[in-house]
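As written, the chain order gives the labels A, B and C, with residue 1 at the start of each chain.
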């Protein structure tokens, strides 16, 4: 967490290469603190051996370097295997895969190829030594992540030569996750090696427990299975396939909830302006867009003057986006909408015109292309849950959508403003005669809806392109959600958004993304015709306004 | 037509009608019988279900359970507004609703009983008989002078009269009138009562009204609604003496 | 009120049709009978452009019929326009025959490109002009009828209806973008060669299409005028102004709405069919919801509920668009957006509703002044314009 925070802050300032080097230095510093200083000397001695003309010396150098714990030992050894390791005078240098030259001892980047660099000799014996050392280094690496990756690659390559290494790695492995991966790699090696039937049957069990696509591929390809093995494989295959089907269903539902939360965010402001006030704001999508551009602006300022704040950029953008979009909303209400109350169709047209103006204004100011809004570190990356890979940005957006919904519910139900708002929408004249300033409540309600759209824009900037057309993509969907859920009902909006999101994602694997969306739209149009007032309609005389 | 038909069948028969909105019972086991040629006044406090009752009779709202029958055996619960209107039930809204961007003549023309199907209407030409009937109605509603004016340009009172004229043009057997004297002066109220009594000579009428003086002026049987069902029924003085009615009206 | 006043004197119809036919004749003559270097020559591209405006005017008329007279604000009329256009485009595609890039005598180029082996069933018959013209009317009519029947029967009204019409055209937009729909996907249908055997690129054909658009506009105008002045039209206006009153009077409102909506869809489809050969392409972009909303604004600008106004609005706004995008392309959306706001806020009756009103006010003031000079205490005119009647 700390390290990547550091990286995040640097990223806007430095070229990626520089960042990588700094990261390496950082890692190095960390390791230096932990490891005895002697190690550095050991590495230096080992590297010196590479300048020798004798293959024996070089082979010893390989073993010593692997044992030295030099943080870039892997890079250096791979360079040796590919003849990218050079001797330049007294120094040992290497060219990394990207073509940058480094000093082997310190890892520091060099300005191009040093004069007189000569490749370190390598024959097949040396290459074997390099491979063995590399396998060992990775399986024995100090970094659990590297060990895990190495175990996975053994699992996939099923290279019998790694068998002893895997065995010895298993004996010392402490990390549970890596240990499991090693056991699985061992099982794969056993299955594809010449072990007896009992061992192979056990191996099948181990692999079957993995329950993923890789396990399936491994089991399917087992050479010359005995009848007992074939039976075990086929039942394992069935089990894996059904578990995969379940997980893919779960995954679709998760994606559906994720899409639903996006729809919810986009629609929730509309649920206030349209649902509570009955105002058709076709410029609602543009309020979302304004929120997204506010985020962009905040990040620009942070990048230029306070990069260490980058991880807080969204937290800073949220209130600003609310205020900016809310202020624009109040201005729209005061300038246009209040003259059109009771004329919904005219409101629709005027606000549509306004959406064109806002889009063009943003296009003129920020240009027509996408602007980059970065993900703070806590928004990037992914984690595994069962058979699912969940990205942090989607997960936080789901959480965020629900938080926004909850806050709005509290505002509407528990605050004086919410009470006044409901009073005005239910009986304007009565509310007015009780001393509520109805004009003021109208403006603020509209501002609230617009402000919520603005904070939706902050969230959507994390997963969508920030362009002048951002809002357009959401407007029809948002109206659909509100109308589907039932006007004037936040719960309806929630259920509507989730239903639409999940239905969409469940249809996608079957019908494809576009056709799935068309089906949902057509179904919605038909649904609205059957239940014109949505899932959770308001009933009674209040409806007949 | 049905008018003047001395039939033992009730013109309107409402039995056990319940309507709920979101769990709220707007009508609760409501029963009501109107005899042919009868005028009935319906009174009740706000929210007693008067408007919902009108909605159910005219097909705007479907009852959850219960029977609504017209002229003895015509089931109204299965019909839409248009069909019920064509059967001969006219409804006057509380707020006068006329077609503001049509002339007075066109308003009456459209209301005249007769063609209702789109194609027939597309090719319709005004017949001499229709013209005669419109002229009669113009006289009745004192709008002859205003015949070519836009209905939207009429005064409030003229709009009320025009709407009544339009209702008469439909030749309904049963007229439902919602709060006809709301916002009227005493003199206008009296005049309207007279008009309704006049209309009642040829039509059955159900009047929903708050105004007790007006109901008294009508001098007809009164039904008191409360919380969606009938609380009391009978002549006005008898109803007014009813203890439960007093309780509901005066509150507790 | 305004509608009535305008139709009360039919000089407007005479003026409209007179100017329309005058322009048709003049443009035809100036294009065909003059040489390109003549000062009076109307270039062919201008003829095509004006033909396009006329098609838009028909679309505006179709929208006005349902919005201005029945109060149905459709934000999806572009769909009917585009469907008519696609039907015509399919005919034109099949007219290309073996002259396409791949030279397939039957399959259009894009199908060859997609490796299709035979024509999909719904393309059959489109090589016949009369069948194609029948489809130009039938396909939009069917969509309008089914959609209208479902929507109006379940009494979807007002903004709800507007939103689902928008969703309808949006769904069609997505659908026509798909290659496997068989309508050319993203690129749509284009590279047309000829119509009824005549080369589309000739001046004569261009003028013919332009004049046909004008004649269709006149025909649609007269049809709409006849309908709106009939008793049927009066019922439509009654529905617009007081729907439930109309119901309680015994009119089955759904039927009237579906009839008007279907007719309107057909008109939009015909407009699209004449549009496509004049612009030379039809692609899914025509289904974009924004196009439909823009068309609604033409009507609003010209004067909702006035047929001449709808046509004038379409022509004026599109002329403005052509000029504007030529001079200041970046400002066009500001201008268009501003127009939406301006018209709804300040000119709710549009050009044709506002101009006569202003004229009348001026006339009244002049009359008043004249009276005032004679008798200073004269009461103000009783004819002062009334509000929008909301």
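The criterion applied here is as follows: a contact is a pair of C-beta atoms (placed from the backbone, for glycine too) under 8 Å apart; a residue touches a chain by one contact, two chains touch by 3 or more.
Only a predicted model underlies this, so the values are computations on that prediction, with no experimental measurement involved.
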Reported most central chain by Cα centroids is C
Outermost chain relative to subunit B, judged by CA means, is A
In whole angstrom, the CA-centroid distance of subunit A from subunit C equals 47
Taking each chain's mean CA coordinate, subunit B and subunit C are separated, in whole Å, by 43
Here the gap between subunit A and subunit B, centre to centre from mean Cα coordinates and rounded to Å, is 65
In their shared complex, subunit B is touched by residues of subunit C numbered 1, 3-4, 227, 230-232, 234-235, 237-238, 241-242, 244-253, 255-256, 259, 386, 389
In their shared complex, subunit C is touched by residues of subunit A numbered 280, 336, 339-340, 342-350, 352-361, 363-364, 476, 479-480, 483, 514-515, 517-518, 521-522, 524-526, 528-530, 532
Residue positions on subunit C within touch of subunit A in the complex are 73, 75, 147, 150-151, 153-156, 158-160, 162-164, 166-168, 170-171, 174-175, 177-178, 289, 293, 296-297, 300, 330, 333-334, 336-341, 343-345, 348, 390
The residues of subunit B that touch subunit C in their complex are 58, 60, 80-83, 85-86, 90-91, 93, 97-103, 106, 109-111, 113, 115-118, 121-124, 150, 152-153, 166, 170
